[in-house]
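You will see subunit A twice below: alongside subunit B first, and alongside subunit C after that.
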Partner chain A sequence: MSQAGGQKPAANRMTLQTFKARLGGASKGFKLLKKKRDALKAKFQALLKEIVDTKLKVGEGLKDGAFSLAKAHYASSGDDIASTVIERAKRPSITTKLYPDNVAGVSIPLFKMSYDASKDSSAQTLGVACGGAVINAARETYRKAVVSLVKLASLQTAFHTLDEEIKMTSRRVNALEYVLIPRIEDIIHYITQEMDEQAREEFFRVKKVGRGCASSSSPSLKTEVVEKKKVKLQKEKDEMAAAGKRTEAAIDAPSMLATKKDEDLIF
Partner chain B sequence: MELSMFNVSHGFTEAVARGLRSGFLGVEDYRRLGTCDTLEDMRSALEETDYGTFLQDEPSPLLVSTISKKCYEKLADEFRYLKAQTVEPLTTFMDFIAREKMIDNVCMIIQGALNNKAPKELEEKIHPLGIFEGMKVIMSESFDVQGGFDDVYRIFLVDTPIGPYFEEYLKEADRDKDEMARAGIETSQVGGILTKQDLEIMKTSLKKAWLEDFYSFVMSQGGTTAEVMGHILKMEADFRVLLVTMNALNTNLSTESSLQDRNALYPNFGYLYPEGTKELRKVFNDTTVRAALEPYSKYLQYFDQVKDFYDAESGGRGQGTSFQSIEDLIYAENVHMYEMAFEQQYHFGIFYAWVKLREQEIRNIRWIANMVVLNTKDHIDDTIVPIFQPRM
Partner chain C sequence: MVKTKFVTQSDMKIGLIGDEDTVTGMLLAGIGHVDGQGKKNFLVVDSKVHIKDIEEHFHELTARKDISMILITQDCAELIRRAVDEFSHSAQMIPTVLEIPSKDTPYDPRKDGVMQRVAFFMPSAMASLGVEI
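The block that comes next holds the complex of A and B.
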């Protein structure tokens, strides 16, 4: 890639083609990335809405759970069941697995919950003398709350990952739009200009060479032709001055070749 | 005979108990507690009652469990004071009341030991009413499970009054399904037995043994005590049968193979005994329960009222907040029974009734505290049972 702002590359057709190809690639990439970023943003908004809903649900679920726990405390003749439950918990009956999910080309982690009721058995006989059923009811309520919690966890990790992804894509889009493409365009512009200059130089050189050969014929015609030449040169000089390139050297040189005046035209 | 001699030995204690009766929270107090917004408000509301400034030293923020614990400690203090004034046989009677809580404590310690919990944590959770000598010894050293169990066993069986219940349970627990119970237990085997058993079932069996022992003691007292306490304990036994049956309905205790375990938890006295329990032994779902309870109209009524709560569990999930479970109904019935006990004089029943009513009050306070914290104060009234409501 051109690091030094475009002074380096040789100004010929081949490099022009190369850079034109690069520009095409860059603009296509830019369009695609823009589409990806927009799609991600839309998903993001939807995700945000879902998160708000799920958070509310989790709040409700935990509140219900706390209420049923209070009921369980009351029913189990005021004993402290919380410690007993904790003591008896040996194996987890709810496990979660992490799965990768694909959204608009981005890989997002997702939690899947699996509930194995048979592992709950350690607490089945809890409170068989009093309050057992209420304790089980409390457990059911909390299990439902855990389901929403796992969902919320998935949503929040997805949110986080998407956020990172969107930032990165935005950065790339902006870089393409404001840095890369202008740079390539500058280079192309410079190359085209350089090539035009070269063409004019070539044209001019050929004409001068031709004039030099024709200067050996009649001197009277010579002055007319020289005058005509001078006018033409002046016109060209003005054009060059308008283009703003280095022209002074080219104009001063003809004094040596003023005697020649061959009108060989070059394409 | 009784009328004249009772007051000689027990007059003072009965008077103190009746004095304490007036310290129960009244309708006004419950209303005031119901309007609290935070636990701090509850603290100041309780200051005006007989509870006084018992929460003063607790740092804020207050927890529901702290309030509950402090209430129990107050009850334990008053209980110990009362017990200190007694003479035989009232002392044994009050000891019986405390034994129920001792069983709870011991089971909790065993559970904690099995999980290698630090003694400090166990100390936090003991029930203040059930403290006995030797308990400090068990908890002060950090012991490994196998070796420590020998000490624990020795202390339990020898020093405490709940030793015999343990012995009976261990014998039952160790036998195979077909053989008879063994004659005695070696010390070293205890650790092995205790680790295998389901502690919850052990606790329930111990309580059953305690209840039967209590009943025989009470009947041996004769007179009004036997009449009043006999009735109370019979109802207690019946409720226990009902509770075990209902709570086991949806668990694996109701399967064919485990029915015997469940039936071992039925006490061997009560109004349901022997015909009712014989029927109930075969029960394993709602319809069979209903059929077994047919002859007992009151229990049938209870069952019908709470049936929905238990149905909703096995099927879909009903609105748990509005349904009552059988424990709620039993508590209400118990309170009524205990209030009746105070109507008669010259018997030991009022002490038992007083302890149980205080427990119910603490349950009420705990429920109100939970509702205050959860900000669902409208549910308070569905569940608490007001004690000694004025009869208009």
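The block that comes next holds the complex of A and C.
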């Protein structure tokens, strides 16, 4: 990319092509990223509504669960099922699986609940004495609540991941739009300007030198050409000084066309 | 470019921090797990438990690789609000932290970090939650 501010690239056709190619690539990337950001934003909005709905369902589910648990407590009067349950917990009958899902090119995690009834043995013997049915009912209610909880967890992770991704993509889109593309356009503009100027100078030089050769090679005309060259060189020197480049020593060397009388070689 | 690829992982557990009734119910459903070293994926929080212990257990659960989500009742979340918020703002996606209402305290969406973010984008969310629950 363009180097530290001030150093301009050489103004020739090759660099022009390079930078034009870069501009094309940057604009294409910019369009694609904008599309990606819009797609992500749309998915995000849809997610929001779902999250609110699922949160409500979860609340309901847990309320029912608490209610059925209270009933179970009541039914198994005397026995404290809470501590028994807590003691007996060994292997989970409910486990979750993590799946990566792809949304507009973004990999988001999804949870899937798997229920294995065979591992449920730890709490089976709970209600043998009394209240078995109510305890089972409580278990079922809570299981349903866990289903919606797992769903909510999936939505939440998707929410977080999409949030991050939208922020990053927005940052890139803005960077391209306000920093990179204007910079490249600037450079292209500069190169085309320089090339035009060079063409004009070349044309002018050819005209002048041609005129100088056509007439007699009088010193006055030669001086004219030399003066013009000196002016041009001075302009170039100023330009480069302005651009921060150090003027090369060669420019200060005397021009070969100066009308200096050479000393006669005397043997 | 931070591209986190999620690997399919099965047999992940559900962590739980809550009051006795919530934990009992959930354990009834069958999410409880005690491994060989006696480490549990749940914690019963009553008046005798120190806040430090809750925070420690929370950090333990978030560090574990086999836990996909952590359920925490809203009043427990209030006790360790700082730790919960810190984790939510970190870049770690797994495990997800879910705040659930408990029997004593009804669900307050204003305190839930996720709901705050949702309300930022969809202002009607708070209304539908705050009024209905």
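Quick notes on this structure:
To be clear about the criterion, the second predicted complex is superposed on the first by the 208 of 267 C-alpha atoms of A that agree within 3 Å, B and C clash if a C-alpha of one lies under 4 Å from a C-alpha of the other, contacts with A are read in each partner's own complex, and residues count from 1 in each chain.
The rule is short, and it goes like this: a contact is a pair of C-beta atoms (placed from the backbone, for glycine too) under 8 Å apart; a residue touches a chain by one contact, two chains touch by 3 or more.
All values derive from a computational prediction rather than experimental measurement.
When both complexes are superposed on subunit A, subunit B and subunit C sit side by side without a clash. Of the two partner chains placed around the shared chain by superposition, subunit B is the only one that A:Ala133 touches, whereas subunit C remains out of contact. When both complexes are overlaid on chain A, the residue A:Val85 reaches subunit C alone and has no touch with subunit B. Contacts of A:Ala75 after superposition: subunit B is touched, whereas subunit C is not reached.
Subunit A has more of its residues touched by C than by the other of subunit B and subunit C. Contacts of A:Ala66 after superposition: both subunit B and subunit C are touched.
By the touch criterion defined above, A:Phe111 reaches subunit C but does not reach subunit B. Between subunit B and subunit C, the minimal CA-CA distance in the chain A superposition rounds to 5 Å.
In the superposition on chain A, subunit A positions 63, 66 are in contact with subunit B in one complex as well as with subunit C in the other. Considering their complex, residues 44-45, 48-49, 51-52, 55-56, 58-59, 62-63, 65-66, 69, 81-82, 85-86, 89-100, 107-109, 111, 114-115, 119-120, 122-123, 135, 138-139, 142-143, 145-146, 149-150, 152-153, 156-157, 159-161, 163-164, 168 of subunit A touch subunit C.
Residues of subunit C that touch subunit A in their complex: 1-14, 20-34, 40-42, 44, 68-69, 71, 91, 93-94, 96, 98, 100-101, 103, 107, 109, 114-115, 117-118, 121-122, 125, 128-129, 132-133. Taken in their complex, subunit B has these residues touching subunit A: 65, 68, 104, 108, 111-112, 114-115, 117, 125, 127, 198, 200-201, 203-204, 207, 240, 243-244, 246-253, 262, 265, 309-310, 313, 317, 320-321, 325-328, 359, 362-363, 366-367, 370-371, 374, 376, 379, 383. Every residue of subunit A that touches subunit B in the complex is listed here, in rising order: 63, 66-68, 70-71, 73-80, 83-84, 87-88, 121, 124-134, 136-137, 140-141.
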